[in-house]
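Two complexes follow with subunit A in common, the first pairing it with subunit B and the second with subunit C.
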Partner chain A sequence: MPSDASGTVLEHTRLGLSSPFSAGAQRLWSESWASLSRNEWLRGVRNRLKVLTELPAGWDGYGAPRISVETTLFALQILQDLWARRLPTPDISAMSSGGIMIEWESHGHELTIEIHGPYATRFLFERAGSDEEEVGTAGSDISQLQSYVAELARPVVVAAAA
Partner chain B sequence: MPLPSDQEGAPDGDEAEAGIVQIADDDYIIRKIPSAHMQPADSGHRRISKSAFSASSASVDPEEGMSVNSEQLLQAAGVDLRQFAPEFPALARLNVGQVRALELTIEHRPIKGDRTHCQVLGVKEKHRKKLLRLAEFPRKPPDVV
Partner chain C sequence: MSYGRGDTLMNNITDLPSFCAPPVDEVAIAVQFQGIDRFSLAYGTFYESVRERLPEFEEHDPIAIQFETFGRPRDQLPEFSLEAFSLRRGWYVSADGHKVVQLQPNRLVQNWRRQSGVGEYPRFPAVLTEFWNSFEALESVTRGLGLAMPEINQADVTYFNNIELFEGETYPEAFQRVFEWPSVGGLSGEANGFRLEPEACNLSFRARVFAPDAEAPCARLVATAEPSETEDGKKIVRFWLRFRGPPTHIDRDGLERFLLVGRVAIVKSFTDLTSKVCHTLWQRER
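Presenting the complex of A and B:
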């Protein structure tokens, strides 16, 4: 929860006023807010992953294996590395293969990451307004995924009223 | 008539191969949807994720197909769809011809305890959303939109 001080900063920002706090204090507040936000985001992600690890073998009715600890930890690592401010919490679900699907939809873009095991990642990116799908794989290099995430997490630009 | 078993397993050799039928375009396939495929959505509702349409692992199925059941074969076995797989909160129903139009293959692959079992072969990540859009849900919880 924002403290009184952070609320003051927010109010000054909303009103377009200069902050009553020093630049250093503002940066410290901003960083702590971002850190808290990241922690909350990751807490939600971890809770969802934990639910998936508790699925028994055959959970899908077709003999799906349990989701392995290795796959789960790799998914968590990917998510930690991809986190960005304003990135929505993803939908996370199990796959019959024993993999984990991670989905985002933001600004009309859709990013789907399928993690089939450590360093065994496939992705599908659907850009807003385009019928083309970008499909690929990612091992230890997730720079392509990070570029997609940057598009998902970009700030909303609101045009000023005339 | 008892329900076909939900037992999983590899095709049952010669016994299973006998009696393999062609799955017609006007047939429908049924896929069980566990709650693990349901995601929170707006206004306290849930939605079914496209992860519901994913193939089995090679360790379970060397063909890496997506397991389904033929509605026609279920009906022939005297199974009422409303009573099929009651432990699953939702069922997806897809027209075979529409699935084949996505360049996917559907084959009858009876397994031990389930002679209505079929495989959808060739399912990749680009197909999942299309399958989700094609699907109708003859059974789903009231909070799933």
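Presenting the complex of A and C:
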């Protein structure tokens, strides 16, 4: 389980919302993200965020608070800023702390963003082929997150047959 | 209550451009905060506390929550938002209609506005004093009701200007006069026998704001000018400028400094973007 510089565990009990579709449609859905327009991509994440705002207090059975409107809207703002062509649709889940977790896995890289409230963001990036994890926090400046997303969204280069 | 550092900053603004007859139509000072639970209890109590200076009450749809974030510069793209939540926005209005406080569970706005083009702009310090009066009233109400205190996550200052067109002037001509766009006039000329006649224009300008020696931006300044009309049908260029961001320090002192920097950024940008011809018209004194 990864932890950040302060030793805090960067993992929480959460409610998974990995896909709005049935298991049978999951494969088709995950293959189609590359062709989604910005509007389609954002409509998908917005709908999933709306589901999170409707979770009642205590949804995890352990007294989790409701996710605030501000936290949800800040998450939506971050996702709008991070969108890039070929960026997969993220997994979005509720955290027992009242935050929102956003996760991507692409090209062997993994990016996890925790949004604990407006301008209160923590992230973990695991680069493919590297044992080192990059952990940090972000306020209003999200340029570091944009750099990670650029790696997640880079086009696949297929080597030509000899 | 004294806001020492802010007062000092206010007194030190001696080089700020100033106009005797500015085209200011409305000024807004706003803070956005973490939504307060059970806020519906506060509307009536807040009304009681400000009723003497703001006796009229109206109800409106809420203002959408927005956040300024900064990364690599990117194209302006349409914003997505969640559908409106079940919020109410109360308007508390002075008897003369010039002062308005807007209140919803996550936002407080202090406005000064002209009414039908009438009213002398009382200047920013007066609007700021009104803002603090309203904010203190809100704090007192939430404390008295046992609600959470407002936790500010963003603040903004906005100036709206109505710049009237001259008799017979078109909007492109007015933009050329107000903003000194030589290319607009140039487009009226001939191009290989084809005549280009400007018929519509607007201005949109965005800038990231950096504190001295800071590497990361602290706010964003947005300026927009577009053709419009007043309620009584006068043609105007509606030119508004907004300074918005998360205050680094959300105590009173830090918030006041942030708002004052916003005012300076707006006034200087307004002066830089508009023409000397208009400055004379607006009686620039400094």
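As a working rule, the second predicted complex is superposed on the first by the 126 of 162 C-alpha atoms of A that agree within 3 Å, B and C clash if a C-alpha of one lies under 4 Å from a C-alpha of the other, contacts with A are read in each partner's own complex, and residues count from 1 in each chain.
As a working rule, a contact is a pair of C-beta atoms (placed from the backbone, for glycine too) under 8 Å apart; a residue touches a chain by one contact, two chains touch by 3 or more.
Given the structure is predicted, the values throughout are model-derived calculations rather than measurements.
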Three-chain arrangement built on subunit A, subunit B and subunit C clash or fit: fit
First (subunit B), second (subunit C), both or neither touched by A:Pro118: second
Contacts of A:Ile78 with subunit B and subunit C, given as first, second, both or neither: second
Which of subunit B and subunit C A:Ala64 touches, first, second, both or neither: first
First, second, both or neither for A:Gly98, with subunit B first and subunit C second: first
Touched partner set for A:Glu132, first subunit B, second subunit C, both or neither: neither
Subunit B versus subunit C - smallest C-alpha distance in the overlay, whole Å: 12
Residue ranges of subunit A in contact with subunit C within the complex: 38, 42-43, 46, 49-50, 53, 68-70, 72-74, 76-78, 80-81, 117-119, 139-143, 145-146
Subunit C to subunit A touching residues, read off their complex: 34-35, 65-72, 74, 77, 79-83, 85, 106, 153-154, 216-218, 245-246
For the subunit A and subunit B complex, residues of the former touching the latter: 51-52, 55, 58-65, 91, 93-99, 101, 103, 112, 114, 122-124, 133, 135
Residues on subunit B engaged by subunit A in the complex (per definition of touch): 6, 8-9, 32, 34, 36-37, 39-40, 49-51, 54-57, 59-61, 64, 66-67, 85, 87-88, 125-126, 128
